[in-house]
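First up is the structure itself, then whatever we jot down about it.
Chain nomenclature is as follows: A, B, C, D and E, assigned in order of appearance, with residue numbering initiated at 1 for each chain independently.
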């Protein structure tokens, strides 16, 4: 196996997994919150928030990456403060890759979860209210379990997107083997070399295998959830 | 607890404007399909914010359009058995039943899971999810769920409509106990006059979004004028009686103002005061005391009112002491027997005619 | 007639300028598709309707030639470029670039921005230069590779990285960076931009444009953008 | 159309094994909550594919596990009024009602929209969507939708449970007309014995997934053994009578085997044959013909059977010619009157006791 | 206005709109079909189909573009046949950009619609069956109207992604102004020029305005649909 892929390729695989995992895990709570707010609340600036959430989908990834660089870079207004206050640095770190892929995947996640929230029968939430549950508890005990399939879909979409994202990542955190060289960056690199198709294909296969595993797992989990609710 | 309800609400094409008071006990909302019952109940629960008005429990405002008060449903502690069961599909029956427990004050006593499960016959269903329940089973779980949430007021929107007679017969005494022993005030929507007659201490007749009549159940139900509202077949009076003793052949002897009454065994200790509903159509009138008949209960009474409707029948109000009976007879018989206020007649009543459904424990909230 | 040119993205400014002049002169239209050289070569290999290809490195041009897609007598090296070390800021103290110079120390904890060192031409030349100067081993862990030269430039321009290695043509216009030094021409393989007239180019205008790439007018334009113009007939 | 149903199906924790035949007319499925009624109806509709068995209509197989036949629901032309209304939320009431029209054969006649809308009182609701309907309104739309799809067989799962008495009283005659005039066979689930007594030509008693008893309605309902299945209060016999004439004071004179009967006006031409249901608890027995009483109907009969149950009551079967009556009396009265087979007694029956709900036109499918 | 953006920039805006519109419009029926099949049918190879649908999400866009180039290029097996038989050419045409962006957006579209299909109460479809509707009619009259909100979301996601897609497009159909240069490619191109940020920003703003308009329209339509079903 080690002969099949170079150690730095393996490094890229490991890094991509880590980046995609954290990008998904960290953005999930925020994604759920945002989706719920957009689906159920009326507030000033809602359309603005909705627009901002979709921005990474609309903008070419390089632009997103560039904007991230300007904002979260060491000298960027946010990056600067984060470093000063929390010692949190994104630039040239895998955390930056996670931030970039997380942001790129965010609209997908939010949309999936929002669709699920909108499909929840509000009469069930009302029933929970009459049984004494406050808003938070209604959310936790009724809404959340009912949107689990949607959350699952959102998470898988985000994970898959995070595994495949390239443009924003390389623009924001560049391509430092072992630190920010994710699978797509590695693939891109070898594809730019004449005759690099063979190695690229091997990396693509790994990428596909990882994402498919996540996909099949999620399908399986989704079915289990659906069966549970159908009441077998 | 006394519930004061007075509000207006407009839907496109439907206008609701109601005001009534629900004293302690069970208040029945009765009215045709689409008359506004569910809307009223929703407003009390806090699921609907009426356009204007005021809803208060024991003076504490739940809603007041003037002051802008609107208490959220979960702060009202009002249990609600919905017309559609609304069970949580992702929870098992047991989890559904216990849902309200998480939020109920821990120190207050209330119904126990086992007791409710037994009563509602849910024992074998506890680990199923609602998707695998029959219509009636769902309704029973919804009933149990509301009761177990230790509410201070219970709203029930046709809770027994999907249930068979024998299941109803098991549940009704329990609702009476909730009403009387725990003293839980109940707002109850039903199309069944016999259910209402048995359970209600107060009756509110709703029609086209307006309150037609509201008052103590005995009054509203014994009122010949109000009878058509329930359907003539369900007209009847409520007698307050006390248990006198149980006899060997399975009958229970009751003391009424008109004399002794024998009914099939009633599980109540001697001395217990009961409400017995006697349907107008089950009362036969005779000028002389009949002999050699199967009817055991023959009460001497005096006609106090004869109410002729549009049809071939007449509703006759009979007085014995301070109690009333209603009898429904044909106009032809009314003439043949020359029924008029003051005429003395015997009311003949079969022991078996008084459906057990219409025997209720005297509610503390009753008149 | 419409001449379709596939050209390396780093040539955009200069080539746009030249093409505009040539259009005005001849009345023929030029359309240029800018992307990475590799990408363009792959597309040409797959039958892209390009008439002229200008690559930023020789390797991809060789691929195209091997596939037999170049017209007879249709390849020439037209431009050269030099490699510079840039620093963040409008001005900077000059750095003496020589064998074993102290780039790694200057970087400290910070990064050196380059284009991808194994695939993008500018990155490859930079790596070769640092290797021949004997400091690649020390610098390598501090290299941040961008997917193209412009992205590397942006890293320095925004101050994310204090130093970067780019073409002198890129350093020209960016106000956020300044040239700290130029790599000796012999520290890396010559930076050559070969141009090719492709086999499918049937229109006379195509060859006219290809020929014009090595005209005097072209030389004048390319020079203003910092390129070195290679002697004709090489 | 005769429907043959015989199948087994297992749910986790519930085992259904039923076989019965539904001849033309209305077949009522009666049983407690959770006994398997909806499951049977689903299998007939094709929404459930049973584990094994056979379901056929007039010999044409809808399902047969042996041959692997399973006709899809839309090819069965079976209208289904669901226990939960299942209206299409994105369509208006009118669109819901007309939905089945698109797929029904154009040349066949069937109920007309206007007629159904009037009958079900949906006129003002036509442009609303189901989300804005009350519980009973939804159920009425579901009923109309099924009827308007011109089915060859109608399945109704507690279609009237959410409706008030007066609305029911309007709809029941219409269901009778469907059954008799259009000759539409109906499989009907209900908890209400009086609905069943009025409508059913065949009754199937279901309990715990098994068929307890199945047969013509008159037989099953007049059978003292089967009575407990319906609840004692609902025990009663069905008399076949013919209209003799309408009298000036609003009563209709009927000819029965035991002599003339007077009931409040029945809208049927003289000569019409009717089925009248007389509840056992509404029949009083007397040894001599009572005088000066309000009851108009006094029929000479002979006791043919006395059935003692566990309680303090007894069910007495009375014979007049070939017809039977049931009377429910206390054991005490049974002894006092020395009731035993062969004893001649008068059955006393108030005109108003026979609820209009229990008067049905004689169905062509009846015995 | 013409001074604000160059004519070729306007060309790119027009082209992007055309590409995104057709990518969305043509893939929508297929997306609905695929989503329905994945949600409701059991068939052999279902997981494979599911995987293939997600592939463009997982793979770095350049790889997808490269695979498209190899398959649908003039010399690719499929591209070759399509050209011979139908005279249909994707390579280096705006149709190819539509194909690339359509494929990149496809998983998003399918996922959104599939979530909506899964939220449809099958009991309503059963009811339609008992009223005589066959499978196709049930789908058209019941399922389809009920999943409209999901279709809308799917279409908007696809449109937005199509407006923003860059990697696969430039790799497959290159960057020929007036023919295959979409907005993101144009942005990329001007970003290659020192000092091109200003023009890039103008293009980004246009891109954002277009996508936001689509977004707001879709929100508004979605609300109208929801209100209709809620029964006001």
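Following the convention adopted for this analysis, a contact is a pair of C-beta atoms (placed from the backbone, for glycine too) under 8 Å apart; a residue touches a chain by one contact, two chains touch by 3 or more.
Note that this is a predicted model, so its numbers are computed, not measured.
Listed here as common contacts of chain C and chain D: E. Traced through touching neighbours, the fewest hops from chain A to chain C number 1.
One finds 57 Å separating the Cα centroids of chain A and chain B.
Centre to centre, using the average C-alpha position, chain A and chain E are separated by 20 Å.
A separation of 26 Å divides the Cα centre of chain B from that of chain D. Within chain A, the positions touching two or more other chains are listed as 62, 66, 188, 191, 232. Contact of a single residue of chain B with at least two other chains is seen at positions 12, 84, 128, 132-133.
Counting only residues that touch two or more partner chains, chain C has 39.
Counting only pairs that meet the touch rule, the chains in contact are A-B, A-C, A-E, B-D, C-E, D-E. Taken in their complex, chain B has these residues touching chain A: 45-47, 72-80, 82, 84, 86, 88-90, 99-100, 102-104, 128-133, 145-146, 149, 155.
Within the complex formed with chain E, the chain C residues making contact are 4, 6, 9-10, 12-13, 31-35, 39-40, 42-43, 46-49, 148, 150, 153, 170, 172-175. Of all the residues in chain A, the ones that touch chain E in their complex are 47, 50-51, 54-55, 57-63, 66, 107-108, 111-112, 114-116, 118-119, 149-150, 153, 157, 160-161, 163-167, 183-184, 187-188, 191, 200, 204, 207-208, 211-212, 215-216, 219, 226. Across the complex, chain A is touched by residues 36, 38-39, 41, 59-60, 62-63, 111, 113, 116, 118-120, 143-147, 151-152, 154-155, 158-160 of chain C. Contacts from chain D toward chain B in the complex involve residues 11-13, 31-34, 37-38, 83-84, 124, 128, 132-137, 139-140, 157-158, 161-167, 169, 191, 193, 230-231, 233-234, 249-251, 262, 264-265, 281-282, 284-288, 290-296, 311-313, 327-337, 348, 350-353, 355-357.
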